[in-house]
Every structure is written in C-alpha cells, then in structure tokens.
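There are two complexes below, and they share chain A, which is joined by chain B in the first and by chain C in the second.
What follows is the complex of A and B.
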C-alpha cells in the first residue's frame, strides 16, 4: 500500500513550497504584500522593512494545522500527496482551500501597517520589497531541512540586496534571529545589519522622537523564547509598553525564564502544542485578562488554546503613535 | 514502529490524564523554584558547577587515558575493574559476578536501566530488588522511570497503595498516608538488605586519581546497598570518571543542588573493599562492609561520542535532571519522551549516544528549540543545538538526503 508518514509528507510540502513559491504555504505573493499598498512605501532603499511573511502566513498555517490535527497518528494516502503537489503548483487554490478567517488575515495586515507607521513616526524612513518579501525559511531550519534552508537564505539575501538594503528591519523574533544569528553562517559575504523594530522603537521612545499611546491600561507580558533567550530583547518591549502608559505585569515564568507557547511542535504534535499553550495561558491568566504577545506564532498557538476567554493582543495592537496635536488615534 | 511514532502514541495517552499532568507539573514547578533559591543561598555552587564543567571537558578530551588511570587506581586499592564495550558485555560481566539463585539489592541507577540489568539478573534466576522507593515502585509497576532523580512522580498515593497490595501482598489500609507506606517498604526491604548476597549501585563520579566511587543520595538506601552485602558491584558510564576525589565530591554537590535537593542527606565515598588492621596491625580485607568491590565501567557508545562533534558535549552531563524539570515538553510527557531508558532533552541525546543516532533522531523532532534547558544546565551543555543537529539527521533520512 502506497502511503507516507504525515511528517515526511509535511516536510516535503514545506520544502517544495518554500523553494518554488517562496512561502512555506503556497499562496499568491499579494497575500503577503497587499497590506503595504495603501502606505505607498518605496520599493528601493538602504533601510528595508522585511516582514519575512510570518504575520501574514500565520492565519493560513493555522488552517493547515487544523487539517494536520485531523491526520495526527494516521498515514497519508497517495491522493493527499497528489493534492499537496497540486496546491504547490496553484497558490490561488491553496488560498481558497485553506480559507482562513478574514478577521485574522485583516488583523495581520493591521499589525504590519501599524508597525510601519510607528517606524515612520519615529523618523525611520524605510522601503518595502513587496513581491520579494519572501519567507525567511526559518521553519525549514528549525525542522532540520538545512540544505533547502541554505538555498532559501541565499535567495532572500540576494533579493534584499536588489532592493538596495544595507539595514533590514525585522518585525518578529524568529525572522530576526534567523537573519541576525543564522544567515551569516549560511550566506557567503552576508553584510546586512539586522535590527528589530522593537529595538528601533524603544530607542526612539527613549530619545523622545516618538510619543506613544497604549490602548489598554494593563497587560501581562508573554516573552517569546526567541526574543528572551536567543536575542535578549527583553527590556525593549517593556519600555515601549510603559512609555505608552500600559502597566506591564510579569507572569510567574518571565524574561529569560519565559515559557514556550508550544508553537514550534504544532506541525509534529498539535495536541501536545495545545497542552503546552493551555499550561502557559493558565499562568498568564493569574495576572491579567489582557495578554500581550510579541510573536505571531505565540499569538496563534495561544489563541487556539484560549479557553479562558483571555484577550490576547500583539504589542502592535496595543501601542500606537500619538499624532502631535490630534490627541486621538485615527 | 519508529521511535517518534511510538513516543507520540504514548504521549497522546497521558495528555488527557489529569493526575499525570498535574503531578508532573507540580514536581517540576517545585524544582523550578527551589533550584534558584539554593543557588542564591549557596553562592559557591555556581563556581563548583564551572569547575565540574572544566574537569569533565578535560576527561572527555582524554577519555582513554582517564579510563586506564581509573582502572589502575581501582585495582590498586583492592577493587576489581572492568571495561565493558557495550550493554551485553556489561550484563555478562555483572551476571558472572552475581551468579544464579542469589538475592540482589540495587540502588537506583540510570546506567543499570540503560543496559536492562535488573531484568537480565532476574532472567538468570536471581531475586532482585530495587531499594530506592521510587525505583521500587517502577519495578512493581513494570514501567519506565519518569525522571532521572524522581522516577515515580507520576504515581498517586492510591496507585502506590494498590501496587504495594497487589505486588507485595502488603495490607495497606484505605486512606493510608505516605509515611505509613514508607514504613512498610522500609521493613520489607530491611530483611532483603540483611540477607542480600550482592549490592549493585551506580556512581555519580569515579576519581581516576584514587579509584574512589562517590554516590549522593537522600534515602539512605545506597549506604545499605553498598555497605551490607559481602559483594558490591558499581556500574558506571566511563564519562563519570573525573581526575581527582575532590572533583568527584564537587560533582555530587552540584548534582544534588541542581536537582533541587541541597544539602544532600548523604554523600558516600567508597575507596576499595572494607578492611581492618586492628589485630596486630595485620591488614584484613572485608570487615563490616563488603569483602569484594567490582567496578564495571561502561562504554556503550560513549568513547565514540567523545570523538563526535555533535554529541561529545553531552558527556559532561551529571544527570541532575534539571533540563527535564524545566522543559515545557517534558512537563507534559515526563520520560515518555526520550527513549527506552532516558528522558527529556538530555534523554534524547543519551539515547543517541547509547543506542545510536537512528534510535533518537526522530525523537528530537519534539524539541521546541525554546532553550529553557540550555539556560539551566549546570555544565552548559548546548542541548537544543545538539537536538537541532539530530533533527537535521532525521529530516535528511526521512527525505532520502533531500533535506
């Protein structure tokens, strides 16, 4: 009987999709860059805002994970493998089939728009690579597919250079870490300065280049593993929140000791990932109903397991630039 | 079935087991809070951990030399030293010393677990008892230890009571308290200790300089296992060798502290069989303690690992289990994730060392890469980096080299 382990099928799917389409889930590139169209960001510049597509992909990955959960513990039939190949060849079909909640897709666009505005308000002009805002390959690296990852890393680097980049501003912990700490050993002559927007923003706030306002009065903070233990971006989000007037509450396991949301194993063991998320949510709930997350993977995995009715918000949904003179947000 | 599917199947069974989940998390939570307190109250421990890291590194880089030194020292002080290349050779060596139809008492040893020693000695027709309470419960249950130091954390007092009733015939009343059950086990095992022909222990460290074995414990069973029977066999992986006796003591202190039990109730130092010279100053081997001491050093992949860039740093491990306590995956699976003997982040890597990379690579796919383990390891093993290396090996194998 021709069948494959779900994990093998999944790894091949992620690899082939990333190599052919530039995204681990085959989608039309406009899904990734359409958020930026109304902002009229230039295509070329020495400072490039590079999202690595993670925020935009997460609603689709969430749908995909629902399918994977249904398959957990079973074998994958030939029909399904054929379907996977068709999906990679026809990204528009994938978009239709995965059909994520429109609100989730919209939310990702809103977050990125706000991040871009926060940067502009801080006086940090930036360009955006549009159809070249490719996925960084971080999932391939984390799952051990390092040959494919090396190819992807080289391609992303070349595209960023084509857009004139000398500095890249990243917006999530995984993309930041992979560019800052991993790309240099996979890409010959890697010469991009990688800064995270929280670093940019906290400095701007400290130097009073931007005035911030918060949309909640207090929240418990959930540090992502990659900011806390790989990048040591720990004080920056706290400064930003405090400058915005948001009271930051610390959960039991916080800062360098922060607890994983479970997200990284959601493709291999979805139920285990949910259980880890539930454990984390319980201790976050001890401090506040408002939870601030700093990573789209944390957001997705915690939201999926959120049976406690917590309000889970990305930091870029909680903080915005106060426009001088107006006193109220748009 | 491949190791990953097998582990996932077992894990799925406990994810909804409320008692399992709660007790593992409670125990881990205690350790998570206790260890930082211990380290703050005894500031020298971090320095000791750094020294242990350094001497372990020295030994791993010269493992052949230190094995030879340790064996010479053990023989010099009247013990017998053996080097077993793999699990089956180790079982045979111990089997020949023990023989058949004997009464054997064991103290908890992950290395014995690794080679399936208890089951082997039983198959030779010996009566074998684990004497660490948690490990005895595992023996009665017929399962696998769920943590290196606290093997039976997943069992409720009710489950313990019913095991003692069913397997040992104890009359445990309904609602029996833990202290009542401990007393019953103590009196049962006391009769075994007194009559035992052989005591088998592991070792936390072995000093190459003096041939001394150091063992750290809280229950007091190790002193009885290693002190009462006429024959003592110590089984230890070759990575347990350290240069000096002082280094060995440091390992014991650091191991206890990072597991969350400090100060440890007992540290045992054993240098050769017992002896006396109290009659006319004539030295006689065998006084109150054992007459014979056998030390079985186990290779089983460790020498090869010491030359393997990916795996070598794991040989610094002192088995404190702190990476298990801190791991979000382990807190939901206990040692069901890790392999047949070992568990948790360090367990997957020990499985790779002792059973081959193929037995462990799939299991690495359950690592979150969150690095909580890296941050707390007293000897700074880059666990998540090694696990990522194993993921690569697995992904390449799964995709026929097209990773």
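What follows is the complex of A and C.
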C-alpha cells in the first residue's frame, strides 16, 4: 500500500516548537512539571532529577501520531501541519486539541513520582528544575537537525547549571544517551555527571540501602535499544526486578540483541511503527502476559499495537520501595 | 558536522561495506519495506550514492528516514560500518539542503 509522508512540514514543526517552547509538542510547561509539586522537591541542588519531559510528552505524542496516522497518505497532512504552526504560539490550545486520555497523563505522573520516591528511599536526595525540565532535543538530533539541536543542548545545559547541577539523574534511555554520549560533543565545557535512575537503584538494592517489592510475580522483559546497545544498561533492570521478587523471563531476542519496538519512526511512518510493534508483541507473548518495559516510547508504541491483550507495564509501575512494617508483597 | 566532513564520513564508512548482508537479518524495518533501501546495507549504499550525486530519489529518502537508529544491524556487521552514523549524517545533509531531495516521500509497505 502506498502513501506519502509530510516529512518536511513535520521536521519544521518539531524544530520550531522545540526552539520556541522547549518541547517538540507545544504544551504549557506545567504539563511537564506538575507531577513534582506534591513532592515539594527543592529547585536547587547538586543532584538534579532531569526527566527531559519524555514520559510526560508521550500521551500527547500518541494523540498526535493518531492524527498523523489517519492522515498518512493524504495531501491534507502537509497543509494541516503548516497550519498547525500557529499552535506553537498557543500551547494551551494544543493541550486542548490533542486531548490525550487522562489515564495516560496520570500514569506518566505516577511513574515519575514513584521514581523520585525510589531515589529518596535509596538515600539519594535530589532537586528538580520544574519549568526548566526542558526536552533534551533527542528527536532533532536523530532527524539530523543539528544546528537546532546544538542550540537546544546548550540551553538545557545552562538551565541545569543554573539549578546547581553537578550530577544529573535521568529516567529514560533516549535522554540518558543524548546527555551522556552526545551533549559532550555539542556543548563546550560540558561537565555534568549523567547517571540513570536504574543504575542508582540497582546499586542501592545491592548495597541494601533500599528494600524493594514487586507488584507482579513474573514478567517478560523488553530491553529498549538505547539501554541495551548504546548504554549497556542491561543487568541493572534485571537486578532490580529480581530483588523485588519478580521473576524475569527473557524473550527470544533480548539483552544486546533486543528487537526495536518501532517507536522511533512513529511520527514519520506510523503504520510501519505498528507493524514492528506487532512483531515484537508476538515474541513477548510467547513468554508471559506481563510485559515490563523500561522506556516511555516503547510503552506507547507497544500499547498502541497491543491486540493480544498483554499487560504492558513500565518498570516503575512494577517496583516500589518497601516501607518497613508494611508487610509482605501481594 | 560540516557538510564536507559528513560526506567524507559517509563515503569512508560505505567503503568498508563488503555487501555480505548479515546486517539485513537483524533489521526490523526491512521485512515491511518494498525494497532493500529499507534495510541497513541499502541505506548505507543510498547515502553514499546521494553524496556522490548530490541528490537522492523519493524512495531513497523514505529508506533514510524509516531507519529506527536501533543499531541491531551494527551487532552483525563484520566490517564495523557505523550504519547509524551514516544514516544520521545523511539526514543532516538532507536537512541542510546539501543533498537535493523531493519534498514528499512515498512510504510503501509490504502487506
């Protein structure tokens, strides 16, 4: 089946939105930081929890992909994307138009809240940059928009420094990789230590600084490409799950040889992304109905294609800190 | 990266390719694509041709932008071609207009 992609219009939209609003989809910044308000995390500190907005953005990107998917092949999509540029000046309107499922928005907030609590329970105090928790620019880099990416990377670095950061804790594979492996080549004098929360948590569990409990008894694990092949964060999630009492099952293609969820092309080629996700879901279903993912893009793309009734859960929905005296896991 | 530097990088990486095709078995997009430009070996060849010619076809652009950058192919490549680097730099050259390309691209899928 043939169709066409409004590639140029899409690239310009992502670039302009990220440069002007700080996010690839123009939303009010409170959508990104409001999860942290009840936790009263300090604004300043040498250890900063930086989400790069990916978990919070995914429900909106999912809505946007639904529109793009419906329009794939139609010439209207170019015109609509050009008209959509007006949204960059009106983030509140974008939020209303995209109207993601409230449960998805709430879920992202719950995951980030649990990650922050897991870090605190491990004895890792951290600050949060609130309105400066900007998108890292990963998509701009991946799509070859280097000048715009360099500008975004410089801005994100300056903001993190303004909040006092010397160490940054990241929560997803794409943001971790871009900060650890790419920012140093684009930002003069880049001097932040970049650690991923799974690394922090797995070390804390090993050193018995935290007791964990799991909310499922077993699950098949889906390694994200960027943890497995770019960052070699492979044993950490397994250790965390095992320490939580979750039996980890390995799919046919796992660890370094993991198979992509298809998510990276969901905005350029949504139907292709779904076909890849369906292929992966069949492999995962061979081992368990419970699938643990470690990346918000994997979650979104696999969930969109989930016709097999699998229970897809982020690791931060499966694992929590055991509070002393709260009894044994369910 | 400067366009000249990016172009040299792409040609150098392509020159390492032995066309063995081991990369193709690992690629998630190739089984759904209408031609080998949806796989790693094809993408590297397309990028090198685009640099040599200063232009690329609409089908070629589709191959370059459907890459997931998942790097599964690079585990299999005996020549150590930086396939992901080639694809990303080809996109950079396209975005800069250093490679001419049609504005609308076809996205044909098998099945």
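Criterion: the second predicted complex is superposed on the first by the 316 of 330 C-alpha atoms of A that agree within 3 Å, B and C clash if a C-alpha of one lies under 4 Å from a C-alpha of the other, contacts with A are read in each partner's own complex, and residues count from 1 in each chain.
The working rule: contacts are C-beta pairs under 8 Å (C-beta built on N, C-alpha and C of every residue); 3 or more make two chains touch, one makes a residue touch a chain.
None of the values given here were measured: they were computed from a predicted structure.
Q: Looking at the combined model built on chain A, do chain B and chain C fit side by side or clash?
A: clash
Q: Which holds for A:146: it touches chain B only (first), chain C only (second), both, or neither?
A: Both chain B and chain C are touched by A:146.
Q: Output check: A:256 vs chain B and chain C. Expected answer is one of first, second, both, neither. What do you get?
A: So A:256 meets both chain B and chain C here.
Q: Under the stated touch criterion, which partner chain does A:272 make contact with: chain B (first), chain C (second), both, or neither?
A: A:272: touches chain B and chain C.
Q: Is A:78 touching anything from chain B or chain C once the two structures are fitted on A? First, second, both or neither.
A: A:78 contacts chain C only, not chain B.
Q: Applying the touch criterion given at the start, work out whether A:218 contacts chain B, chain C, both or neither, answering first, second, both or neither.
A: A:218 contacts neither chain B nor chain C.
Q: Given the touch rule stated above, what does A:264 touch, chain B (first), chain C (second), both, or neither?
A: In the superposed model, A:264 contacts both chain B and chain C.
Q: On chain A, which stretch or stretches are contacted by chain B in one complex as well as by chain C in the other?
A: 5, 7-8, 11, 72, 142-146, 225, 229-230, 256-257, 259-260, 262-265, 268-269, 271-272, 275-276, 279
Q: Flag every residue of chain A that touches chain C in the complex, lowest number first.
A: Where chain A meets chain C, its residues are 1-8, 11, 72, 78, 141-146, 225, 229-230, 256-260, 262-265, 268-269, 271-272, 275-276, 279-280.
Q: Please name which positions on chain B make contact with chain A in the complex.
A: So the residues of chain B touching chain A come out as 2, 4-5, 8-9, 11-12, 15, 21, 25, 32, 328-329, 331-333, 364-372, 374-375, 388, 390-396, 398-399, 402-403.
Q: Spell out the residues on chain C that touch chain A in their complex, using ranges where they run on.
A: Checking each residue of chain C against chain A gives 1, 26, 28-29, 31-32, 61-62, 65-72, 74-75, 88-95, 103-109, 111.
Q: Per the contact definition, I'd like the list of chain A residues that touch chain B in the complex.
A: Listed in rising order, the residues are 5, 7-8, 11-12, 15, 72-73, 142-148, 225, 229-230, 253, 256-257, 259-260, 262-265, 268-269, 271-272, 275-276, 279.
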